[in-house]
Amino acid sequence: MKIVTAIIKPFKLDEVRDALTNIGVHGLTVTEVKGYGRQKGHTEIYRGAEYAISFLPKLKIEVAVDAALVEQVIQAISNTARTGQIGDGKIFVTPLERAIRIRTGETDADAL
Amino acid sequence: MKLPSPRSASVASVIAGAAISASLAFPAFAANDPTPNPGDTAWMLTSSLLVLMMSIPGLALFYGGLVRAKNMLSILSQTFAIVALVGVIYTVYGYSLAFGDGGSLSNYIGGLDKLFLKGVTAASNVATFTPGTVIPEYAYFVFQMTFAMITPALIIGAFAERMKFSAVLLFVAFWVTVIYFPIAHWVWGVADPNALVDAATQLAAAGDEAAKAAAQTKIDEINAAVGWLAGKGALDFAGGTVVHINAGIAGLVGAIIVGKRIGYGKEALPPHSLTLSMVGASLLWVGWFGFNAGSNLEANGATALAFVNTMVATAAAALSWMIVEWLVKGKPSMLGLITGAVAGLVAVTPASGYAGPVGAIVLGLAVSPICLFFVDFVKKMAGYDDALDVFGVHCIGGITGALATGILVSPDLGGVGITDYTNLETFAGTYDMMAQMKAQAIAVVATLLWSGIGSAILYKLVDVIVGLRPTPDQEREGLDITDHGERAYNY
Amino acid sequence: MKLPSPRSASVASVIAGAAISASLAFPAFAANDPTPNPGDTAWMLTSSLLVLMMSIPGLALFYGGLVRAKNMLSILSQTFAIVALVGVIYTVYGYSLAFGDGGSLSNYIGGLDKLFLKGVTAASNVATFTPGTVIPEYAYFVFQMTFAMITPALIIGAFAERMKFSAVLLFVAFWVTVIYFPIAHWVWGVADPNALVDAATQLAAAGDEAAKAAAQTKIDEINAAVGWLAGKGALDFAGGTVVHINAGIAGLVGAIIVGKRIGYGKEALPPHSLTLSMVGASLLWVGWFGFNAGSNLEANGATALAFVNTMVATAAAALSWMIVEWLVKGKPSMLGLITGAVAGLVAVTPASGYAGPVGAIVLGLAVSPICLFFVDFVKKMAGYDDALDVFGVHCIGGITGALATGILVSPDLGGVGITDYTNLETFAGTYDMMAQMKAQAIAVVATLLWSGIGSAILYKLVDVIVGLRPTPDQEREGLDITDHGERAYNY
Amino acid sequence: MKLPSPRSASVASVIAGAAISASLAFPAFAANDPTPNPGDTAWMLTSSLLVLMMSIPGLALFYGGLVRAKNMLSILSQTFAIVALVGVIYTVYGYSLAFGDGGSLSNYIGGLDKLFLKGVTAASNVATFTPGTVIPEYAYFVFQMTFAMITPALIIGAFAERMKFSAVLLFVAFWVTVIYFPIAHWVWGVADPNALVDAATQLAAAGDEAAKAAAQTKIDEINAAVGWLAGKGALDFAGGTVVHINAGIAGLVGAIIVGKRIGYGKEALPPHSLTLSMVGASLLWVGWFGFNAGSNLEANGATALAFVNTMVATAAAALSWMIVEWLVKGKPSMLGLITGAVAGLVAVTPASGYAGPVGAIVLGLAVSPICLFFVDFVKKMAGYDDALDVFGVHCIGGITGALATGILVSPDLGGVGITDYTNLETFAGTYDMMAQMKAQAIAVVATLLWSGIGSAILYKLVDVIVGLRPTPDQEREGLDITDHGERAYNY
Amino acid sequence: MKIVTAIIKPFKLDEVRDALTNIGVHGLTVTEVKGYGRQKGHTEIYRGAEYAISFLPKLKIEVAVDAALVEQVIQAISNTARTGQIGDGKIFVTPLERAIRIRTGETDADAL
Amino acid sequence: MKIVTAIIKPFKLDEVRDALTNIGVHGLTVTEVKGYGRQKGHTEIYRGAEYAISFLPKLKIEVAVDAALVEQVIQAISNTARTGQIGDGKIFVTPLERAIRIRTGETDADAL
């Protein structure tokens, strides 16, 4: 099993979720994060003080999936989260050794 | 000394139709000018600051809470800047255009005689509705100013989250000049009751036919110089047409011209803080007593009636919205409660000094389902994005109230009837509802047309000059950052 | 024309015990009715909107800030809907029940003569406390309405976060009818000073024994018709018993009957926004001047005294709570400061027109430790979950104030003494503190019993009809979603 | 029932320089004391609660929104506790020090004759500016109290986020005693117009030289007893020097002595809620009508003028800040709009009863760039951390207003000129601008010195007693937790 | 070493924390997240607009532990976070290669 | 590739970011978290109710980097985030199998 983690632009969430549902992924976890990268931020001024805001609001989506599904998940996310502009985000794939559903105690693929 | 005044909008028409009885016996008003009563002055000043509080922070919060956090400051800035801008404009030429002497154009517009408040001093007074009673002109001026401030601020809710700050300001500067001041003049550019009573006294005292004719001519002249909607007898106690229908239709036109928000109907665009909207709605309610009861220009029993009507119509409308929503949607929402309250406030505005409390309750109960229907169904059907329901609540609520006023003013329904200052004795009981309803309808239609068409032209003009809409990227990022370079919250 | 009025609650009892001197020489009141002074009217209208502002947004924010975010809208909705509901009920029958003519039951309840405001017009006036002075009845009506609105809204803090919206509304509708209107009548259903003075004048002018007896009978009749607590001489200037003890005990009973919140005592249930609570408390303070100084029904020196007392007692109570907390807990909390202020406002309410400013400061200093003791220790010991300390602050603070009033009214302590309108000359200095304290205690106990027992029955009744409490899952999810289908915040 | 009163600060000096015409023909004031008009009383009470609302929640939110969330409660607590503390101090000895009878020191300080409000009752009245007009002394007392509350609360913005709660309270207790009450006395300890008019009447009626000399001596005596800045003819209608310059310089000194915030100039220290700041600024605007128009002590045409000036100067200043910022920084910020509005309110404060509306607009347009320059550039250059720009807005805005008052009062510029109660007929048109500007400058410099130096000493004293600053760790954690043991938000 | 990540219902945090402390885990990191899964959300209506809210508030707990402890940690979390109703959440186990305590520079097991 | 996750004190963010930029790391993702550990919290009192707050605000920084850079990244974070007081936080290193830049589809090292 793998965990696919994607950093995306916030307004893309619903589209990405729908795309994942379509390929049979029925669970995911979303976190509000701030991203720093090539995409440049903006400047805020409060009276005399100017602040360059380089951390931008992003969403982090984490999906635990069977290894077999990883490619599809990556495609689904890439296709829907892409706007073609800097700051569209990243997808990271990391290993997942075990998964447990708390309610039932089911494990691994059954737990997802 | 002379001054038009909101409430007696009906005087002219009534008089126009009434035979002036020669048996009138008013005491002559001597040259010694009346002095304002401190109680009336205190109430008018209190009312003025209440109406300012309606705009900031009231309306700003009511609207601001309903947008997404990234556009909060744009709403707050627009409201605040409109208040400031109109405050200056009104002093420079607005008061003069609305309430100055329009000379031969006086049915349609005031004049330029009061530019920069020329001739107004701390000793200038204006007449109220009670013959022989006056208030300081500065108090009247600033009270009316607060109306001119809030009206354009109401409009911005319709195209919230998607119009550039520069465009909003430019539009408002045009709009108050071309739309608001004239309409205010049409409806509230009424005859001074003192002058009318004076002339009527002359008439009564006239010894021969010539004197009689002269006095009658005087009365006719006074009546002929009033705003044309006032002349038709339209009743608008505190601004149902001038403020709410006017702003509501301008908002709808704006929402359509500027187009829908990105994501409208697809993404969730939930209010970022209903808490703030509730605070705003509450302050609107509290401040609205200045708006409505202040429109009596004095602090007397009639003022208390307008106050009571404002209280009970609003309470009834909030309840009514709650009940209808509970029945139709299964849950009574907080937003529904406060929206109902605002609808009630809007509807009772033109009627507040005319209806009786029970009539006001009925009006409150009736207006909510009507507005709810527009907000919930018509908007969806028609497909326009009136973001904060300026049309659905203010225009529709205002029309409901304007028409209901014609009904509820009837003494048979607990209303106060219509005052004819030249003929107080013989007037009672001659209320003609059909005539009144016609006058009300004319005022509604005239406002819809002038404001609707005029606003459309002004939006197009502004679009040419500075452009109405930010780029999609800017809109996505939010107007707070792109227009103002700030964020509302940093928790 | 006649009307009961809050302040002179003591008149009856004083008179009852006083020999009416035949040497009275009041000028006879001619038939020409007095006219309201615009200044008094302006102040009463201002006071009315201030008391509305206390409820919305004041109390709503004070309470709302103290609950968790997921229940914010439930507090706001309940407060707003109560205001709306009571506004309509009050117009329909509440005013009549509280201040109408109760006929043979007039010691206990008003009548049905003013249903739907029958007979009230913009020209109706009611007496104030100064003989010969009146205000528009509409102003009196709406002022009293705002009291009827806020009192049940106070109760909801006790069972916050765990009672269904439908249950709250139903309970309130019952409660104002069965508990509030009667108690308001008991305490504020007082004699019209104008009528008393008239009768006393008759007495003085009476030529023979028969006339004297007739006049005396008239006085006795007037005094016999007052609310029974007023008749006992209980003093409650602005609502210590009627509003605060009444709401406080009803809250405690509700908190016990509905049970503790899930997680109470185990999970952290911290206030979601003390900022909003501070705004609410500040608006309560600001608005309370309408509540207390408005209760004088005029704008005169006595009004200014009530205003000053409200200011200084509150300041002292805030400081006092701060100091005690600093000493006991090591840190002075913001919540402590504002809770102290509210306790001070509650305590000074019954005393505001009677005490002197130094007495008011002492009262403020004293009430905070008392309330703190209930909020911090008694609640924990007794184990009830009075979520927002309605009992600890309003009931206990109200009792403290009601009893202190009996002390501080004493002219020896800087208080104003008690006014006997029928015998102004001979009254001074005859203040009997023990008698007054007895009257105060009777009023406190009567209110605790009627409201405590009555409320318990009503909660049970509501539980049978719609059920008081949501399911545990609903409670966990929060009432905003489950009752109203909304969330307060979407940042 | 004599009483000093804000507006006629100029009377003394004017009279000092004017030959008293013997042809004066004032009606003698009989012994029968005038009664307060309910309208004036209503307005003064309304004004008092408006000024309280300026402090809480107005100023508290304006300031609080600008700090980081972790210091929100510290701002709210400090403001609220200052209001409470000063409320008690003012009653105990503040009113007496500021407005009591100072005997031989009466040019510099009031006396101890009104400790604990000795001798003040609901029947005590004080003179207003219109000879023969009075208001209840309690109303005057509480109105002035609210000024004493807000002034020290203004200071805390300068050293926000880094001074201990205990230090703030101790400093404020010292500061109002040593700095505020004396300065209030210097400027507002003016002659009672009734007494002046009485004496002038005596003079006019005097038959022989001896009587004339006696009357003249009386006038001289009255004038000699006024506060020394009043005696110099300094004009300060509603508190430009006493409140804003005074607080502003005390703030600057505090900011320098306590040092910069950790991270200042390195980390981002953005406002945590501009929304709340906007609400605060709006309530400041609304409440400021009580501050300025209330300072007329009556509700008449002059009051309405002060009201209008407050409205239009503020509107102009908000616009002006917006425009300058738009030009200089490329974007008009919401914070700029509201800061401009506050700068306008500050600047118009001393001028509000003296200028004409057009003059007020010019003042508003002028003050914003000046303050902006200090807030944006001078602060950065000089390197002090005036966290919420108390110096840049209140001190600089106050100085601008104080000096502009000397110009705008001129009748040639639409101002009202200066009133000489002893010689109303011959005064008109003799306005001497250079003399007035000198008086204004003296008042500004005296305030800067007394408050600047005095405050420095007091800060040092407080530092010795309880320490001014929390530890760096506490400052990082935030004052809410370390000073008050609470957090403002738990979403 | 492993990282045990659990998605749980928010009100279970204190119980879970106590259970972990009891088995000797003295550090953990909590993130507020939104979860999408089988548990159905609710509908919100704002005037005319109806939104189906399918993302529900959850807490994500991350615990870095020695591999030997993993089983115990899973048990502790499962037992306390379980309500038996849909939406109780998941436990994921992922590999942890290195751990460093910033303050001291201690590494791996010593760092936890 | 590795993911370096650091839990740090919030006010250290800007310093850490600068240090990372200096060693050529141009992207990172930040999450607001609550940390439980040795650092003790504080007590809050609201009227009668006392709550011991044991979860403290921390920031979690996640940086995906080439394995070769890991040592440097750890050093950079350690040096800048250290105050020497309890609660400075932890650094965790976990394996990263794949990385994709959504905008371009670039993968692995190119995607970072």
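A, B, C, D, E and F label the chains in the order they appear, each numbered from 1.
Keep in mind that, in the parts below, a residue touches a chain if its C-beta (ideal position, glycine included) is under 8 Å from a C-beta of that chain, and two chains touch if they have at least 3 such contacts.
A quick note: this is a predicted structure, and the numbers were derived from the prediction, not measured.
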Starting at chain D, fewest touch steps before arriving at chain E: 2
B-E or C-E, whichever has more C-beta pairs in contact: B-E
Separation of chain D from chain F, taking each centre as the mean of its C-alpha atoms, in whole Å: 50
Inter-centroid spacing, chain F versus chain C (mean Cα positions, whole Å): 56
Length of the line joining the C-alpha centres of chain A and chain E, rounded to whole Å: 18
Sites on chain E at which at least two other chains make contact: 31, 44-46, 94-95
In chain B, residues with contacts to at least two other chains: 37-40, 42-43, 46, 270-271, 329, 331, 333, 335, 485-487, 489, 491
All chain pairs that touch each other: A-B, A-D, A-E, A-F, B-C, B-D, B-E, C-D, C-E, C-F, D-F, E-F
Residue ranges of chain C touching chain F (in the complex, touch as defined): 66, 268-271, 329, 331, 333, 335-336, 339, 375-377, 379-380, 389
Residues of chain D defined as touching chain B within the complex: 37-40, 42-43, 46, 50, 68-69, 270-275, 278-279, 282-283, 285-286, 289, 293, 298-305, 307-308, 311-312, 314-316, 318-319, 322, 329-335, 337-338, 341, 356-358, 361, 416, 489, 491
Contact set on chain A toward chain E in their complex: 3, 17, 26-31, 64, 94-103, 105, 111-112
Residue numbers on chain A that touch chain D, as the complex places them: 44-49, 51, 53
Residues of chain B that touch chain A when the two form their complex: 263, 266-267, 476-477, 481, 485-487
